[in-house]
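Across the two complexes that follow, subunit A remains constant while its partner is subunit B and subsequently subunit C.
Take a look at the complex of A and B:
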């Protein structure tokens, strides 16, 4: 005898007493942990000292100026931005290749994805970095850029790429990160493309659209909506993963934080602050993607 | 159509060829790093933050013994100085990958390191000290008391103090951290008995927590170290230049004077780095 499905639960709009008790319990637990940590930890807290590495007040001129951690944050944002752009491009191409009929392209893309997905990010970044920085960059002359040239000595360059002196360092970070994340994005893109039925391909081809047009006008708009949530997760992961490149001395937030921590010996303040900074960027991204998702759904209706 | 297919294959082969050519390109004549420096007009120095060798002042600028040394080397060469802050564990690979010309980073000469890089004459002679938790090491009368399986010693990984720890105290448990501040915090918290680090850092640390931490071995150094500039192998000219720069500045007393300024005590420069009340 088939059981009658029960009526779907009405979404609750109000919090009940149980919810409030639960929240209160969590808050108490947090404060208790903080209290316990303070009890066990022998530590002279000094937030002022670390905060002055974000924005520094100069008592002589009476003005505020950005300091090391702020520059690090900006580098992380730039790094995440360019790596996202590059990873999205590579990921889209490789992801499409994974679904192609061409065997060579399938082998290349499969090889790329499997190679990167199955080794730890740290190992990949370490090896790849020393390869590009000792072989590719000198050959392309990135280590000896003319700093006075008009191309690099302007405001736009500084906004998008930061200090010229650190350009090759920055570029290495972007490449490592993008190469690494692209493998994961490729898999998401492949899943998205394959989720659209073969019949749509055939129908679109039958009305005379070229392969490129089918992809651009039929497949990707549908796949795009489906892959938005996992893609958002991957981009947020990318921002957090950008901290890995501190190990190859890319001058981003985590690297500069280690410098500040060891100069000031204020380890906890530094890392709590830096954790908060990462949270702000990632949460900002999450909100942005949430909005995009809602928009995409609306336009679908 | 056929022609097109062949073209594609040809292009593929060509790009692969260039790629391998770049990858295997080696300079025909070994040029000295000195010429690169002069051509570029700047000396690139690899270093890592390490009090008081190199650290950040309140404005975020680099200061310290090493910074003074590298600045003077560059000034004597008539070029600018450019510091490349590098994670300590990757500093030798970064030198070999030509990220900078020379490591002036308080690197102690060890035979193992010397197999991969060349060292100049030493420009500083520091040693290692041990900061110990007063409560945990209560009743420890000599260094041999630390050589016990119940003792935990922390240190910065990839650095010589870790070798010292495992050599002097083979029975102790060694905790390796990414940087000194964490290694020291373990001692203050009582999770490790002691931490070994280059002098005078343990002294400075114990001044911050006088009732918790003291310098073991009656404040004496455990070892003596010889710190030198490190360079890529196969560059006799560069090595000669830097070694003799050190020789000259040892003879005229400049190195000793500068070393004393940073290492004797913190009073001369403490205000530059700290706003601690």
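Take a look at the complex of A and C:
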């Protein structure tokens, strides 16, 4: 074979004048805002005061200890964690039911999704919270848990569920959030399952797999890879939506930040700090999902 | 073959199927004996695929009976899995599982349906991969293989269940011309080993070579059944004559 010329070099991507102009514009805008806040509003910044609500220095013992905002952050992380787990489970089941041949399951799942999707989150949470906290929890005995019990009085419980005294309150928040987000996850799961062609079902059924095994071994692994990006978006939405449950007095980050902001009157610092905290959790999640996506793509081909 | 052919493995009688109002199959009667090779041909839309898909119940029929290896197959039956393990099927578009390696594609059925251990399933799978000459690609993914190779893997996947009968649904129709020979070679080899086969195909050369009987279908009915010698030289019906002139003419 005659020697052929090698491929021409691809020019490297460089930032152009337009890009630099845009960047400059953004920087000017930021400095202008800072200038407005400093000179026009004459705002007296005091980060120290707000930061002390994250970690407090106790002059008497000479040691640092966690304070309100830190507790709030931890509650938000716990809330997001359990709500994500629960929402994923409910969403998977309801999403699968949406694709079933069984009419009853389809009606139930469709009803669930439509009911929740078409009510504003806040309204749903108010209705649901007052229903479960006034009816279900007393019936289940969550309101009078024995605080001395070995089951709840240990480190693991505190790491995963926080303060025992606030447990029923916390659980209500988790349930509200999970039920709410599950409706959206169910729709993503349904789309994922339906995106896998009928031929995959047939091939798997033809080698004698049961419906459950087809779903587990063939459909869900493929659907899972496809729905990773929208699922990541939904989980990040869930973390951000967790701030709504501050309105039913769940003592998470937004709830405590409201208290800190009003008691210190340092509104800007508090909310910028809290915004930064939410950003870190959500961005961490986005990075994690980005990694999962790359991994999934690699194993495919 | 002789005595093998006496025992019916599949017997279909009075089979009818409708898609909504469209009558896809009308009063089909057909028996397939152990070790017999049947080729079903006919114009597109004549119900060939629907017929063989009813045998393993990928399509539910509304009327008539299908008996496979002494068991009646009905859409209502609970353990279709038990029937399907005995019926291997190869599809037009291979339908391999793209997220699993070639080896995993083969071992899935035996592990899940027959409860074979992973190790035993892999040994079995490698035997069949060697048979279809894909053994060295065992750890690749389906998308890395050519169409012909993928179809040979699909045949091996079906064989891994050690079926009593193999159904082929236009196995070469989606292949590039140069890939067809390799797939047909595997099918001929399988026929020579005495596998009971029902093939829907347009490969008339292949049909002539391996078929015991040729079933010609049109508009959801069996028009005629004949040996290849008779069918290709002196078909009875006008429709079969027309069909043959079209497939053999070009």
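The definition used in the following text is that the second predicted complex is superposed on the first by the 281 of 301 C-alpha atoms of A that agree within 3 Å, B and C clash if a C-alpha of one lies under 4 Å from a C-alpha of the other, contacts with A are read in each partner's own complex, and residues count from 1 in each chain.
Operating definition for what follows: a residue touches a chain if its C-beta (ideal position, glycine included) is under 8 Å from a C-beta of that chain, and two chains touch if they have at least 3 such contacts.
A quick note: this is a predicted structure, and the numbers were derived from the prediction, not measured.
Participant: Would you sort A:43 into first (subunit B), second (subunit C), both or neither based on which partner it touches?
Facilitator: It touches subunit B, and subunit C stays clear.
Participant: In the overlay, answer first, second, both or neither for which of subunit B and subunit C A:100 touches.
Facilitator: After superposition on chain A, A:100 lies in contact with neither partner.
Participant: Please work out whether A:53 is in contact with subunit B alone, subunit C alone, both, or neither, and reply first, second, both or neither.
Facilitator: It touches subunit B, and subunit C stays clear.
Participant: Please indicate which partner A:199 is in contact with in the superposed arrangement: first for subunit B, second for subunit C, both, or neither.
Facilitator: After superposing on A, A:199 lies in contact with subunit C but is clear of subunit B.
Participant: Between subunit B and subunit C, pick out the one touching the greater number of residues of subunit A.
Facilitator: B
Participant: Using the superposition on chain A described above, determine whether A:246 touches subunit B (first), subunit C (second), both, or neither.
Facilitator: First partner only, subunit B.
Participant: Does subunit B (first) or subunit C (second) touch A:165, or do both, or does neither?
Facilitator: In the superposition, A:165 contacts subunit B only.
Participant: Applying the document's definition of touch, where does A:267 land relative to subunit B and subunit C: first, second, both, or neither?
Facilitator: After superposing on A, A:267 lies in contact with subunit B but is clear of subunit C.
Participant: Show which residues of subunit C lie in contact with subunit A when the two form their complex.
Facilitator: Touching subunit A: residues 56, 58, 80-82, 84-85, 87-89, 91, 93, 95-99, 108-109, 112-114, 141, 143-144, 154, 157-158, 160-161 of subunit C.
Participant: Please give the residue numbers of subunit A that touch subunit B in the complex, ascending.
Facilitator: Interface residues on subunit A, with respect to subunit B: 40-44, 46, 48-49, 52-53, 56, 67-68, 71, 126, 130-131, 133-136, 138-139, 143-144, 165, 169, 246-249, 251, 255, 258-265, 267.
Participant: Mind pulling up the subunit B residues that touch subunit A in the complex?
Facilitator: My answer: residues 22-23, 25, 40, 49-51, 55-56, 58-60, 82, 84-87, 89-90, 93-94, 96-99, 178-182, 184-185, 188-190, 205, 208-209, 212, 273-276.
Participant: Help me check something: in the complex, which residues belonging to subunit A touch subunit C?
Facilitator: 199-200, 202-210, 213, 217-218, 221-222, 225, 299-301
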